[in-house]
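Here's the structure, in structure tokens; my notes come after.
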Amino acid sequence: MSTPALSTHGLSKSFGSLVVASDIALQLPRGARHALIGPNGAGKTTLINLMTGMLRPDAGRILLGDDEITTLGPEARVRRGLVRTFQINTLFPSLTALEAVALAVCERRGVARTWLKPISAYRDAIDEAHDVLVSLMLARHCYRPTRELAYGQQRLLEIALALATRPKVLLLDEPAAGVPRDESAELFAAVTNLSQDITVLFIEHDMDFVFRFASRIIVMVGGRVLVEGNPDEIAADPRVREIYLGRRRHG
Amino acid sequence: MITSAFGVLFDGFAYGMLLFLLSVGLSVTLGMMNFVNLAHCTFGMIGGYVTVTLMNNLGWPFLATLPLAFAAAAIASVAFERTMFRRLYRASDLDQCLLTIGLVFVSVAAAAWFYGTIQQPVNLPSYLRGSFTLVGVTLGVYRLFLIGMSLVVLLALVLALEYTRFGMQVRAAVDNQRMARGLGINVDGAFAITFALGSGLAGLGGALAIDIVGLDPSFALAYLVYVLIVVSVGGLGSIGGSFAAATLLGISDTAGKYYFPQIGSFLIYLVMVGLLLWRPTGLFGRR
Amino acid sequence: MFWRGYWFGAETMRHSRAAMRGTGETVGGPHDYLQAQIRWRNIEIAFWLATLAPFILTPNYLVLASQIAITALFALSLDLILGYAGIVSLGHAAFFGFGAYTAGLIAKYGWGEPLSGLLAAGLAAGLLGYLMSFIIARVRHLALIMITLGFGLLLLEAANSASWLTGGADGLQGVRMWPLFGLFTFDLWGTTSYWYSLVVLFLLFIVSRRLIHSPFGLSLRGIRDNIIRMRAIGAESLAHLQQVYTISAAMAGVAGGLLTQTTETVSLGVLDFQRSADVLVMLILGGAGRLYGGLIGAIIFMVARDQFSGINPQYWYFPIGILLVTVVLFLPNGILGGLAQIAASERWQRWIRPRVPRRSLLP
């Protein structure tokens, strides 16, 4: 069995008496498309924060491939290929989409601190940024400041920024959140077209999205992993139905 | 040597109490609304000039002018808050700084226009002048009065905060504004009252300061730096923090000027920078 | 969020492309777009040509003109950290003054060559900035404001106390400059001074302009806009902030050195809070984050102050206060921002629209 792209062992975190993560053990094989679902407050975003290094765990280990990254800061983890998107758009309002993605590309290439050559001199980086935008169907709008983009386009830009860093493991935090039906086609296409080399874990509440893209679903409740399985197993699991629908049957 | 040390301590503590009165309002309003009001000492200056006008032009006794100094500063602050400040509650730190600094500039020029740039004289009543000796230490009567007044204010504030419904609302708003609103607490109203109270206290401090540090138009700017030091070192939204920081600053400044006159305020700034590096949110600040 | 206002370039780009909308295609490719961003606009060329006007129009005011050029350079250095990286500093005069005293001391102790002295001033201030940057990059909000303020005050007190070195309140005596390039003496009319200051300003302006349009400039805007996102794309924000702070400090030091060399004197005023506050006011007036904002603000502020110089200093700050209040409430992006809004109308497009190559897109 090959090494999983991302794995956690015994990951735990509490804030005082509030346990937000309890003994989480996950394995994401290379190229996986796994979904993380669960009610609000289950600790899903907390888990992402722990994985990306924005929160320090009380106990447990995180491994990216064979490397232990538990003590690394967020920037270092990004450089190793562990990247996330945000549930609430966390973008650069005054930068155009092209500039934003070009920035991410330059950071990855390590040229972001050069200050005597204009950015237009870095033709490869710009081409790369433009290609990312084209692949997400944002090229038409790439000269507009981020704050002027429609909400759906901003969600796509979230993903574009992550892709510009050439991730090995991509953590998507509710990518479809708030995206209206008529704008979701591009988003779905974007996720479908993600390269098989990239391992994806996404949090979602939109069950259409989950059952469409996920090959495996992890259910979290109250900071713990309740159950893991393929979509059919999860759909049939009575405990999962209980969480989402309550005990009494409706209709 | 010991008696002079104690004398320095006493004077320093009195100065610290003055700084406390001037700063506590800013600390609480900063903690509540995150509104950087650099014009806070303008209200102090208003209180000072009200006292001077009442005493020198209208012959009022000193103690009687104090409530009016408080009230005038409070009313002025409400006027500013209604017309200008409330538009900037969601603006950036920089914008708030700039607006309020602009107001300071205007107030300094206005004070110079109406009162001139000279130090304002104040005639304290005879029962507040002079000093007496206690176990070999000389204690100024006025400074004792100042200390007493400040401690009363401190007590009143702490009691109000802990035991009244209004105080509870203020504490909730400082802790978590969004949550407080969500619970139905009228945060804006509570803030308006707190702002007025805090500015009023600054006005009182300004009036009491005349005899200790003098009053001229530069007061609004000169003491701003000290007030900011107290607030940032003490921690935002903390009455206890303001008290501790003001005491620390008052004693350090007095001791510094007494024992190391060449260095001047160097020690103060160094201590402040050092403290902020150790604890950026102040001694009693959150996060 | 610190920044609210349109970035000049993108705004005008949008308007110029409005005319092309409907074809469904963008004008030119990304390379053309970015090239167009950095091309010199007509209005910029006009501005720099206008800076030569004082030689012809107001030859009696060249001393003032060089003071303005020096202050403009100082404001530009502040714009780099405030307008582009979002660092609010109330003590930037520390670097101005440090450079000023360095240049003064070098000249006093025998080496009066201007250019090397200026270089030394810049390097010294840059070094100080580098050391401070370790602290500055790590704090935010009120603590940052207070630390920058405190540092400025500290340096002032230190200079005051070390009167054996700095001359204290009397200022540094015995600063004598050698002629520039061995040919041009610093005369009382200010001709050499203004040429010198203007050329240095222009050169460092070119450097700043390059910086803004470089990947580094982009990363600074990223930090200003959203530092959390910067971490999430793997950016070492700390190192970025340290770098810009060092560059800005060096630039401020050069400005201070220029002042020393052109006036052949240094006093404590180069370090005081008033200087830090004034330059902040100028930058805000002109509009931060627009490269020219500091320059415009410096010109307006200094000319106005010169005109009203007879008035009691207390009263001078009255209109400044009113102006600040007005700018914050009604003109959030300073004068340049307000002008940008007016300029968005078609009539002015010719002067400020970047020249973008248009390909024929009609079938």
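Letters A, B and C mark the chains in the order given here, with residues in each chain numbered from 1 onward.
Methods note: a residue touches a chain if its C-beta (ideal position, glycine included) is under 8 Å from a C-beta of that chain, and two chains touch if they have at least 3 such contacts.
Quantities reported herein were computed from a predicted structural model and do not represent experimental measurements.
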Quiz item: Does the chain-touch network form a line, ring, star, complete graph or other?
Solution: line
Quiz prompt | Chain whose mean Cα position lies farthest from chain C | solution = A
Practice problem: Pick out whichever of the two, A-C or B-C, is joined by more C-beta pairs in contact. | Solution: A-C
Exercise. Indicate the whole-number Å distance between the mean C-alpha point of chain A and the mean C-alpha point of chain B.
Key: 49
Quiz prompt | Distance from the mean Cα position of chain C to that of chain B, given in whole angstrom | solution = 35
Exercise. Report the inter-chain centroid distance for chain A and chain C in whole angstrom, where each centroid is the mean of the CA atoms.
Key: 40
Quiz item: Out of chain C, which residues touch more than one other chain, so two or more?
Solution: 1
Quiz item: Can you name the residues of chain B that touch chain C in the complex?
Solution: 30, 36, 84, 87-88, 91-95, 97-99, 101-110, 112-113, 117, 217, 225, 228-229, 231-232, 236, 262-266, 269-270, 272-273, 276-277, 280-281
Practice problem: Report the residues of chain A in contact with chain C in the complex, numbered from low to high. | Solution: 52, 54, 74-75, 78-79, 83-84, 86, 90-96, 98-100, 102-104, 106-108, 111-120, 122-123, 125-127, 129-130, 139-140, 142-145, 148, 161-162, 164-165
Quiz item: Contact residues on chain C for chain B in the complex?
Solution: 1-2, 4, 82, 88, 135, 139-143, 145-147, 149-151, 153-154, 157-158, 160-161, 273, 277, 280-281, 284, 312, 314-318, 320-325, 327-329, 332
Quiz item: How about chain C: which of its residues touch chain A in the complex?
Solution: 1, 3, 5-7, 10, 13-14, 17, 24, 26, 29-31, 33-35, 37-38, 207, 210-211, 213-219, 221-222, 225-226, 228-229, 231-236, 239-240, 243, 247
